[in-house]
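Chain nomenclature is as follows: A, B, C and D, assigned in order of appearance, with residue numbering initiated at 1 for each chain independently.
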Amino acid sequence: MTNSINEIENAEVILVSGSNTTEAHPQVARRMLAAVDRGARLIVIDPRRTRLAECAHLHLPLKPGTDIPLLNAMMRVLLDEGLADDLFIEMRTENFLALRDMLNRLDLEETAALTGVPLPLIRQAAQLYGRARKAVICYCLGITQHVCGTENVQTIANLAMLAGQIEKEDTGVDPLRGQNNVQGACDMGALPNMLPSYQGVHNEDYREKFERAWGMRLPEATGLSLVEMTHGGPQGPIRGMYIMGENPMLSDPTLNKVEETLRGLDFLAVSDIFLTETAQLAQVVFPAACFAEKSGTFTNSERRVQMVRQATQPPGECRADSEIIMELSARLGYAMKYGSSGEVMEEIALLSPIYGGMYHDRLEQGWGLQWPCWDRNHPGTPFLHKYYFTRGRGHFMPAGHTAPGEAPDQEYPLLLMTGRIYHQYHTGTMTRKSERLTRECDHAVLQINPTDAKGLCLRQGEPVRLLSRRGEITLAASITDQVASGMVYTTFHFHEAPINQLTNDAFDSGSRCPEYKVCAVRVAKVAP
Amino acid sequence: MHDVLTTCVYCGCGCGLYLHVEDGLVCGSQPSRHHPVSRDNLCVKGWHIHESVNHPDRLTTPLIRKNGVLTPATWEEALDFTAQQLGRIRDQHTGKAIGVLTSAKCTNEENYLLQKFARTALGTNNVDHCARL
Amino acid sequence: MPHASATTSSHLLKKDHLKGFLRKLAKEYRLVAPVRNRHNDVLFTVIDDLDAAEIELGEPPQNSLKQFFLPQQERLYSYTNTPDGYDFRPTQTTIPPTVYFGVHPCDLSAVLYMDVVFSRRQRDPFYLRRRQGSVLIGVNCNSPAPNCFCNATGSGPFLEMGSDLQLTDLGDRFLVEIGRAPGHALIEHWQGFFSPSGDKDSAARYQAFLEARGRFSRQVHVEQAIRQLEAGTVPEQVWEELSLRCQDCGGCAYLCPTCTCFTISDQQLDATSGQRLRSWDACTFGGFTAMTGGHNPVQAKTSAIRQRFLHKLRDDVRQNGRPSCVGCGRCVSVCFGGTDIVRFVERACQGSL
Amino acid sequence: MPQPSTDIYLPRQAKVEQIEVENSQISTFVLAFCDRSDNDAFRYQPGQFMLVSMPHCGEAPISISSPPTRPGNIHLSVRQAGKLTTAMHGLRVGDTIGLRGPYGRPFPMEQLEGKDLLFVAGGIGLAPLRAVVNTCLDQRDRFGALTVLYGSRTPSDIAFQSDLGLWRKQGMDCRLTVDAAEPGWDGAVGLVTSLLAGLKPELSRSIALICGPPLMFRAVLGKLAAMGFSDEQVLTTMERHMKCGVGICRHCHMDGKLACVDGPVFSLAELRRLKIMELDG
């Protein structure tokens, strides 16, 4: 996020795209609703009529996968109506002409038709956003989990820069992070092409810095991404894996391929707190301490690095992951010795400029620090891109419409979207152990529009088969007009209905993010 | 009976919450009033975070697959066996044949250590986590 | 210094002597008081080190005594199921005699309410074993917090009864009024800390009361909302608005010092044993009323929300003559969507939206 | 009734002495407390319920289907619906379960005295009424005419067949209907309300006792009102999710009333004062 969560409350216009905020980020939704109570305008772009959409002033129910046309249409309206921030564009951006040319070539009516949203509604949204003194855009996986995820994100940035809604407090572009420490894992270099603090592995200077610190030659070539590792098949490039606290057997697309790959490995070790679907395939399983049994830091969506404090002792023989890694590393001839997680953080601060001032003793005070925090005296950074973009001038990256990797056809006439629900978290490893959360929601439902349900003679709650070219699952039908006719929606939390057996593993070439939001499916009655 | 302030693990918001500890067991949670994100409230997952901490299904011993079945083992056995297997693959096929998944649910320090372990001890850049899922 | 006689009903405790008095108490009791911790949050805390604890009597603590008498999760029984039988053993917990110090009037009223709930029809052994042997030392509220509205629920800012000892901050000293017998015994036991109070102190207390009453920043028309609920004239849109905005966190019920709904569930430990747990529940959860097989007599979210306010403001008035809302304001700050009791009362009183 | 134990939540062990399979989903469990003195001291009234504990399944309220006039055993007739009831259906004679109770406000038997009683039930709904019917039969001269109208899904779903047979033998008017006939069925087909059409009750001294699913319940109420029954003349027993059974936990709330202590038996007149799903739809 370029802003802090609390800034959202002060915005005049909030544009939410591809985020079921009330369910996936309740704290962010709370700020949005508070802003609405103070008179802010809320615009929700979502194929589904989510609860937030019901609270919104404008709901733009676009067809899935048409985010770019919709945003382009909004930008065209800004241009046509003189709502572009010329000064900002002049002073702070580059490549504007390319964007303008692309937008001017658009046929607005046609573009609107592509998205399924009435043009007047798009116009209204653009006007609200363009005229606001302070506007924020919040987006989530509804934007990124597409084959054109990177272009989607760039188009959002285009819109924000065009309207000049980015340089100020309470104004900006905020991707909401799904998991508690996605931000931190990325910051720490848990990426095939990046060393900690986004220092590219291919850059010799960066590599050399780490080689000096770590006392060892480091590999130069970009590594394999998660999907490449888990989808290589039994004869794939990966022979052995070490998996810490992840459950690709439920979270990754085209699960059959993941299972085939993991089963085909020579060796798989998993460390986790429960025996997950992935751990069940391992040769070795390590019992790990959970968050309440160890200390360290998490980095939240707003880049706030915060302490995780030990409250109790791990049960049985559980050990913290850091201990397990150090034990293994020593056995493999590379001794790592840290007395505490604070000591690890000292090394992180030394090698990662954006974490340069992060030390546990500082983080213990107050409520953590937001990166970039360059040195011990730096107060942290509540919002990014003040006065200058990270890369200098903001670069407009015009993009056109990219059709999803798979479109509904005669055989698979419905479009499937996947997402989260409020009571469960990710693959349910933890939440499904909770009596209360389980009571409130313990099975996957397939949201389907009444019209489509009628066509199939479905009753509320009836189990149905959901089929795609890649697999088939059975789950209960939930007939609701929250989804439009022609689309269905479900969640990925439940191993009984592993939706990712169906999803497409087409992925965005830039971010390598799989297209979870669109694939073609068919619904059939369970034979009586 | 005491309360420990920590950070919630259930989404990217990063609420500050107190874990309520009684007789060494985490048996409740509550929001921090002054924390800038939680500001005195938690979602339903945060309020029930203690239920997964003490769950009887928690793994409590290392397991090694013996004759096809995951069987309790000692730490020494499990660590030695893992190191030996990873070492063998590294030596036979180079680090390129080893993949490491770190976790968006683990701490920064653990993520840092694991990617360092992958890049040094295992000699591979095949490090990723399910950031985009 | 003339020693106080325990026969008079009010005494003075110099502020300088407070720590000394608490130190004495802490030797014979477990001491629980609102403590401002290093994160600036105020919580009722078991005090192990009195010197290190910053006792905060002004800002209301974010948790209430409910956490101590009805814990969020409590093991009631361990059970075994073997060929010898299906056997339940109550969990043995020794709750040390505890002094709860610095309890605000709202929270004291809440404890009185819980006492009724857990002993009116049936005596709840798990509540009572935690509640028995507790001594409540209240402190009247001189400066209500921004979300407070105990003046509208008849549970503050000053309280005449309910505690064992009731303190009023008079600047350099506390006026100490004896409520019930255990309070009397405390004064008797540690007479040295107390001196007799005079008319001047009573007048100062009254003055403090008047000032406190003038310091409420909210006007919450609880009485009017109760009348509307009783007459069934709350417009349907009010329930609809509240249920759309409710984010289902359960926080209002969990933080509420008088929400005593709970659930009982079994947790299997292995094939032959397990434990029966009791934990907080919230009537706004969809699963609260769902029966096995999926049928739910409370089908709409609007009905669940309505039930919450009916219970607190109508049913408890019918049963106990007063609402179970004590005006502590905790649900106001805990609410994600602004569907708290204050918003409800405002909406209900507007008549329509 | 004084509880032998001061711990109101503590289940007491009871043994399964006999199991009667009523249909594919309903069985009647004949139980006795393991502690003899508990068993001898156990008293209850028709309409009251027990909280049953099954290992790892928690507790569920089950109404007592045997009459207090036949002490020594407790009958619980249970339909397989959720985790706990499914576990019960796996019980064998000699197994132990946990029981606490009896709980709830029973049927007002004194008010029923001298009255013609019309029982209307669907499916498992006959279980609590069975306790009343058998009480009446055991004290036959205290009550007037007894009529049972019972609806089932199909002929093979008709539960309590042995009871129905016995009741007929004792001269009761028992009428059955099914939603869907099967070969060999020559009885009535249709809702249980259709059976009401054939009755000519003496309204001045009749009381109807109804128990069944919400849809049936509403249909029967309409029909009874049309026949001239007043709301005071209609009694029913309500089903709710319950945890404590003693009026504390509030899971069974019914618009200000609690099914566990204010019910489960209510007159229709009492229910009309509440806003509940069974009446409002």
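The criterion applied here is as follows: a residue touches a chain if its C-beta (ideal position, glycine included) is under 8 Å from a C-beta of that chain, and two chains touch if they have at least 3 such contacts.
Predicted model, so just to flag it, every value in this text is computed and none were measured.
Comparing chain pairs A-B and A-C, the larger number of C-beta contacts belongs to A-B. Spacing of subunit A relative to subunit D, judged by their CA centroids, is 53 angstrom.
Rounded to a whole number, the gap between the C-alpha centres of subunit A and subunit B is 19 angstrom. The centroid of the Cα atoms in subunit C and the matching centroid in subunit D are 40 Å apart.
Contact with two or more other chains is made by residues 26-27, 30, 367, 422, 435-436, 440 of subunit A. In subunit B, 5, 16, 34-35, 41, 43-44, 50-51, 55 are the positions where the chain touches two or more neighbouring chains simultaneously. Within subunit C, the positions touching two or more other chains are listed as 39, 247-249, 263, 265, 267-268, 281, 285, 290, 336.
Pairs of chains that satisfy the touch definition comprise A-B, A-C, B-C, C-D.
Subunit C makes touch with subunit A in their complex at residues 39, 244-245, 247-249, 263, 265, 267, 277, 279, 281, 285-287, 290, 294, 336-338.
Against subunit A, the residues of subunit B that register as touching in their complex are 4-16, 19, 21, 24-26, 34-38, 41, 43-45, 48, 50-55, 57-65, 70, 75, 78-87, 89-90, 93, 95-133.
Listing the residues of subunit D that touch subunit C in their complex gives 6-11, 13, 34, 53, 55-60, 81-85, 96-98, 214, 239-241, 243-244, 246-256, 261, 276-278. Only residues 37, 39-43, 45-46, 62-63, 67, 71-74, 247-251, 254-255, 267-270, 285, 333-336 of subunit C touch subunit B when the two sit together in their complex. Within the complex formed with subunit D, the subunit C residues making contact are 76-77, 79, 81, 85-88, 90, 117-118, 121-126, 260-268, 274, 276, 281, 283, 288-293, 295, 297-299, 303, 307, 310-311, 314-315, 318.
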